[in-house]
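What follows is a set of notes on a single structure, which appears directly below.
Chains: A, B and C, in written order; residue numbering restarts at 1 for each.
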Amino acid sequence: MEAKRLILALSLLFLLSKSSAFHSRKSRVHKPCKRLVFYFHDIIYNGKNSKNATAAIVGAPAWGNKTILANQNHFGDLVVFDDPITLDNDLHSAPIGRAQGIYVYDKKEIFTAWLGFSFVFNSTEHKGSINFAGADPLMNKTRDVSVIGGTGDFFMARGIATLMTDAFEGEVYFRLRVDIQLYECW
Amino acid sequence: MEAKRLILALSLLFLLSKSSAFHSRKSRVHKPCKRLVFYFHDIIYNGKNSKNATAAIVGAPAWGNKTILANQNHFGDLVVFDDPITLDNDLHSAPIGRAQGIYVYDKKEIFTAWLGFSFVFNSTEHKGSINFAGADPLMNKTRDVSVIGGTGDFFMARGIATLMTDAFEGEVYFRLRVDIQLYECW
Amino acid sequence: MEAKRLILALSLLFLLSKSSAFHSRKSRVHKPCKRLVFYFHDIIYNGKNSKNATAAIVGAPAWGNKTILANQNHFGDLVVFDDPITLDNDLHSAPIGRAQGIYVYDKKEIFTAWLGFSFVFNSTEHKGSINFAGADPLMNKTRDVSVIGGTGDFFMARGIATLMTDAFEGEVYFRLRVDIQLYECW
């Protein structure tokens, strides 16, 4: 009798441990372990703004050049950037890091891009980097790219970054809002 | 006596839980949690096919140009692409998504490439993206690149994509078969 | 009495299992499951060294060209490489693999780069590939990029690679020491 009751208690404990593990797995799916929102600012070189430019066209299709974004929705333009990251949407706020890497415009019919880049931090608040890759169908209000890794404070991070175009001025300046949701934190 | 038997039962239960966890870890190694096979089609711009081209040379070495793939096994040619994805190997089948990103030919002695790209889906069947990166020694019958992340239906995915050249016509058209095996599904 | 002692033993066992899981999680954070150290050697094409060059400028900003690294800390230069990997720091040692991919210089004020590349092995010692991405602030003594995936012997690998400039000769040759620490091994 005693024994049976014990086995019952035991099994319950065991099942509980299992189901709690399962639960943590499920909640891990839906709730980020870390969330960060930043803005970054891209000023593309157009032949006249070398002092302010934070980005430059370095690859272009046969029909393009390096100081004007190409016809056909800039298809084929490859841009290298070193953009300031700010906490709010003001270009003139103190930058707390840099967004560095490349993007390419990759569709003839509409504006679409592919991004490979990093956020690099070296402040009292954040030290380390977050690495991103993914498609950016930039005419959509929001779009998701992958957080594929991180270093320092963001050691081994994985997750999703939701991009939103916060401003777009002519073909020289744009500002992206980046909502980073990490689902793997170490 | 009772107690001893109980402790034995308990220990067994405990070990079982451990070994089953171990087992699930092992099976996770060898069996994908999701598998998908697609084809994508790349038509490179050669100066004459602007209507049909899905890709363009946007970077080339000093000895190259933007309308002909360079000497030395195209070493240094960087291509931007927006290729239709189909379920079968027919270029004219209804595309179910787009393969978008870049590849570079990166070896002088033989054909080899490095790829950074995404599959972008927005159909009733699949919504979201799968992000890839890796080396493509394209003279090998099959070669593996990494699935480094995903969004939407492919949220947080990781895995392997096995590429196979399914057709290759001159230097203008190729078709890849992509066998995606995801080992991390959320 | 017996029962109480048993429940105590049971609870201890249960807690132990929990804390050991916790511990293994923590130790997984700090101790790599695999560690590898390699060197790779980059000889950039300068118009005269086509026989020895392992890398070439294929994208450049408006103010640059394809045979000399650009002004402003090479900002905007995009390089494709196929560099030999060696076990020691001797360029002439037998290569045990190739480092293949791209890097871009991405800052006007100092030397900084962004890397997307793979280590490709096909020897008796290692078969498969390791894929990397991340920022390389190359004036720092060491800097970390992410291991974003792997294939073959490095199936599904994730981790950190610590880069160190081991030699730098003019603007033609550099050698990197790469200390790969994998924290996810399958």
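As a convention for this text, contacts are C-beta pairs under 8 Å (C-beta built on N, C-alpha and C of every residue); 3 or more make two chains touch, one makes a residue touch a chain.
Fair warning: this is a prediction, and the values are worked out from it, not measured in the lab.
J.: Quick one: how far do you have to rotate chain B to sit on chain C, C-alpha fit, nearest 5 degrees?
T.: 120
J.: Interface check for copies chain A and chain B. Shared numbers divided by all numbers used: above half gives same, below half gives different; which is it?
T.: Homomeric contact, different residues on each side for the most part.
J.: Averaging only over C-alpha atoms, locate the centres of chain A and chain B and give their separation in whole Å.
T.: That gives a centre separation of 20 Å.
J.: Find every residue in chain C that makes contact with two or more other chains and list them.
T.: 2, 6, 10, 17, 58-59, 78, 116, 133, 148
J.: Show which residues of chain C lie in contact with chain B when the two form their complex.
T.: Contact set of chain C toward chain B: 2, 5-6, 9-10, 13, 17, 45, 47, 56-59, 65-67, 78, 80-82, 98, 100-102, 116-118, 120, 128-129, 131, 133, 148-152, 155-156, 186.
J.: Considering only the defined contacts, which chain A positions touch chain B in the complex?
T.: 2-3, 6-7, 10-11, 14, 17-18, 29, 58-62, 64, 75-78, 104-108, 112, 114, 116, 133-135, 137, 144-148, 158-160, 183-184
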